[in-house]
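Two complexes follow with chain A in common, the first pairing it with chain B and the second with chain C.
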Partner chain A sequence: MITAWQSILNLPEHTPHAVVMILVLIISYLFVVLPCSLIMAFMERKLSADLQARVGPNRSGPAGFFQPVSDALKLMQKVDSPSSNRAEAIWLGIAGMALYSTVAVLPLGSLILLVDTDMSVFLPFWGVIVLTFATLMMGLTQDTVSGWLGGLRTSLRGMAGVFPALIAVLCAGLPAGGFSWSHIAAAQSAAPYHWTAFNNPFGAISLIVFLMSGMIVLGVAPLDGAISFSELRGGTAAHLSGPKLGMFRLSRFYGMFLWCVMAVVLFLGGWSIPEGLTEALRDSNSFGVIVLIELFVLLIKTFAVMLLIVMFSQVTPRMRVDQVTDLNWKVLSPFSLISLVGFAFWTAWLHG
Partner chain B sequence: MTSSVLSTLAEYFRDVFRGARSLFGSFMTALPYLLNVNSGDLRKEVTEQYPDPVSSKTADDLPPRTRGLLFNDIDRCSACRECEWVCPVHCIEVETQSVPADAKVWVSKFDIDFAKCIFCGLCVEVCQPASLIHTKQFEGSVYDVRDLKKSFGRGPIGEDQRRKWARAQALDEGREDPKRGEWPS
Partner chain C sequence: MSLREYLATDFTNWSLGPYHPALPGPMMLRLQLDGEIIVSGETEAGFLHRGLEKALERHSWQSSLTYADRLDPESAIFGELAVCLAAEEIAGIDVPRRAQNIRVILSELTRISSHLGFLARMAKAVGSTPMFHYVLRDRERVLDLFELLTGARFSINFLRLGGVSADVTEGFIERVIDVCELIRIRLKEYNDLFSFNHAFLKRSSWIGVLSSERARALGVTGPNARAAGLSLDVRKSAPYSGYELIDFEIPVGRGEGGTIGDAHDRFVLRLREITQSLEILKQSVDSIPAGQFQSVKISREFTIAPGEAYSRVESPRGTLGCHLVSDGGTRPARVQFKTPSTGHMLTIPELVIGTRVEDISVILLSLDISLAEFDR
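Take a look at the complex of A and B:
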């Protein structure tokens, strides 16, 4: 993969691997992750406006497309809250670092996979867990009611949501026979009936469990009861202002993007394009074209999943935080375990 | 009442199934909005666009009963003070000065504090001579809150005005002759 990138970037033969990796990380962050987070922020607002018969953002650029950019510019100009403290800034930085460190393991295509270890599927969860913990600590350092309760409830909700999500990841890894992104992608193909979600009776259940637990972990409406009730006024975000708030919001959309990409790669075929096409492109040494086509396929699926999530968030009334954790422990977790058992038997029957 | 494990399980799965079915129903309800079919009915967006060059609308395109900033036509105002009494936030201040018996009432002060005004429109409804109206102007932001106090009064009676009244009275009583082009008021 490193050699493929060297040929794409026209780097000399003897470039150290670390330099290539850093370059690839910067490129994939600037040209994939950041624009996709912004597009996601735009899509969420515009689609929820559509679903509610509103207009939505329509001022900045065509159909308000540059609204996230202008929001970011506005937030950057704002003066920081006078009561902000250093500990809060540190924890916010840790939260951002934990989340953005997952760019290294973000599965964006068969050639962009930089870290492809046996456990790379679980690495984003590490980021999410650290993010939850950092949000808790950030809330505790804020010395406000909304910070304290918001931080506690966020951590409660995040820790709860990770459990069914991890079980769902186990479900996806079982038939693939491994937990590296390349294993899981190789187990599926471009045809929908080979996707993990559809090639056995339990795939759809674990896909839904994975998506809903992601909404719980990241606090997407309507499962964001931990921070969105009126007595909390936004929880830990209530105390943030200016650039800090911008960073917090952007990392939320990055989290959603990450989760949708993971759902697509684990259950919906990922970046897979027809086998013959890949072979032909590989033979003609056009790695750049492979990267672009795979990225396109992946992002189309990701945005389709995103659309589902936005629809879900707009047609469902918001739940209290205890109802969210109830849903998590009493519905999602049992169903994830059911589908794990189902996957195990299915795989044993198929391969045994 | 005790229930067996099996019936509890059945109840649980029935609940989950009901939840999933209800969620699916909501999705189906929302789908026409997303695809924007049948956009002639309630699904149509009714959001009023902000009147500015982007929406190519002006303040005149606002609905006829828009309650914008108030305006008082001081020539028609009879200083009855109905508006001042009816105002729930006391944002109108009216003062008059005494005038000669047959002259029109002199409204020396008619201040509306738009910082207090809630644009309820009660003052416009009670205004008998219909001098107080809502304009369609809605952008009232200023740098200093004191600038939001708008004065429509004529101010204190000046020397010129007193001389004019005295002259009119003299003409009426026939003590002086009208000059060329001058008519009794």
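Take a look at the complex of A and C:
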């Protein structure tokens, strides 16, 4: 894949691989992750405003499109909260680094997979688990009851949520015959009835389990007991302000983005575009166009999934943390196991 | 130190307040926690004490009504009404039928507005922002009516001894009917969106259960007592301002979501009270008689013969009592309020025991306590 990147970036052939890797990471972050965060932040605000019979942002830029930019600028200018301590900053930094290291394994298209090992599907979990752990530690280092409770809640939902999510990943890998992104993408095609979620009776269950457990692991809105304002006054995030708060929000957002990209690639056909189109573009040697079209398809699907989650989180009252773990162990986990067994039989019947 | 001693954990002490989003107003809540479970809770209030009763005693009869407004700013009319009823009883002032009807209309509009505020706060407590915004948007329509009639949206300062300060117009009556229709439609929407939403039910049913015995023992009145199964309402038991002429029902808790007297029951009961208030409004608007709206003109030197009286009105939070003493002077000699929030506050230490930290805001806000009237 490094060679594909070299040709896309027009780099000389003898460029060291490490340099290419770093360049690709910077490019993916600056031109994919960051713009997506801003676009999604805007869409989320507009959608929630619509659902709440409000206008939403409408001052900065056309229809308030640059509101996220002005928010980011505002947060960067703010002074750090006097109660924040160094340990908190360190854990925040660790969470950010772990998360953004997963940009390397972010599946953004068939030609631009930077790391495509047999286990690459499991690699993003590392970032998410470290995010959970660092959020827990951020709470514990605060020396307040609310930070402590927030940390405990984070650990509870993190532990509970990862199990069904991993089982759901196994479900997607079974019919594909491997756990590299290219294997999983190759097992699906542009047609929805070839997507893992719809080409067998258990796909939809695994998809829902994967999305819901992701919301739980990341603590997305109705399941965000750890940073709830109504009784913990912010919980683990209570001390964060200014640039640190911006960083915390961005890494939470990136976690959700990562999870939705994974859901799309695992279950919803990923970046696949019609075979004929790929062939034609490949013949005319226009690899850049393929990359762009695939990225576009992937991001549109990802945004659709994210907006669905935003809608769900807006209309659902917040769940208590014991209810969240109950949901995980008593509902999502059994369903994920059922679908794993189902997937196994289905795959055996299909191939055997 | 043995391992058992080393690992033993003690209870955590956590003080919330005086300003905290889970609290209904400025107060302290001192909790003892075993993990997330509340072992005990103590309340402390007084942060909003303004010496209101004394302020009433330092002003002329008419000016003191303005202060009564501030007893509970969210349901301003009831403070005024309680003082008016007591003063009119001592002075033997008759209130014209038209003025009484206007008082009832304002009372029920205030009840609706206060209950809508309650719904919004409950929605906020469980993190349901759309419901919060819808309810507040509709409450604005009710506040518009106050503005139309009295010129103010919250502290309306509209009642006078022997009547009200201005007459209602045809346009106002029509607007009241419009708003009633709107709220009736909206109540159905609230029910569809929120009242029996599974997630909301899980957050509010079987939580903060107040039994009828404890409600009676602690002096709980109003919707909280009715949700606990007690059919208490001053509008029925000791009618004032012509409530005896109006046909309406007193909703009592049924425990639809969980059990009788839980937080969800208190929520649903207020929804049903809004329906009854709409009914009362419809009847009082239809039957508003012609005539004068004020029987006496009150000047700064107005005096009331010596005597004392105790009046009771049914405010949105419960029974509001006012003990008024006149020594024949130009000001009240002694004013004492018996506010419903006093009883509700007493239930907090009992209701929070054994619940989880996340339930505090639901329990506290479901009691609809006004710290303003508790601290006075």
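Please note the rule applied: the second predicted complex is superposed on the first by the 351 of 352 C-alpha atoms of A that agree within 3 Å, B and C clash if a C-alpha of one lies under 4 Å from a C-alpha of the other, contacts with A are read in each partner's own complex, and residues count from 1 in each chain.
In this text, contacts are C-beta pairs under 8 Å (C-beta built on N, C-alpha and C of every residue); 3 or more make two chains touch, one makes a residue touch a chain.
Remember, predicted model here, so these are calculated numbers, not experimental data.
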**Report entry** chain B versus chain C as contact partner of A:Pro222, first or second or both or neither
**Finding:** second
Item to complete: Once the structures are superposed on A, label A:Ser81 by its partner contacts, choosing first (chain B), second (chain C), both or neither.
Response: neither
| said: Going by the contact rule set out at the top, does A:Arg59 touch chain B (first), chain C (second), both, or neither? | reply: first
*asked:* Going by the contact rule set out at the top, does A:Leu51 touch chain B (first), chain C (second), both, or neither?
replied: both
Of the two partners chain B and chain C, more of chain A gets touched by chain C
Next on the checklist: For A:Ser70 in the superposed arrangement: first (chain B), second (chain C), both or neither?
Outcome noted: neither
Give one of first, second, both or neither to describe whether A:Val331 is in contact with chain B, with chain C, with both, or with none. first
Task: In the overlay, answer first, second, both or neither for which of chain B and chain C A:Gln314 touches.
output: both
Overlap of the chain B and chain C interfaces on chain A comprises residues 51-54, 314-316
The chain B residues in contact with chain A across the complex are 16, 19, 23, 26-27, 29-30, 33-34, 36, 42-47, 49, 54
Interface with chain B, chain A side, in the complex: residues 47, 50-55, 58-59, 311-312, 314-316, 331, 335
Within the complex, chain A is touched by chain C residues 12, 14, 20-22, 33, 35-36, 123-130, 132-134, 137, 193-194, 197, 199-200, 202-203, 356-361
Within their complex, chain A touches chain C through residues 48, 51-54, 145-146, 148-149, 152, 221-222, 225, 228-233, 314-323
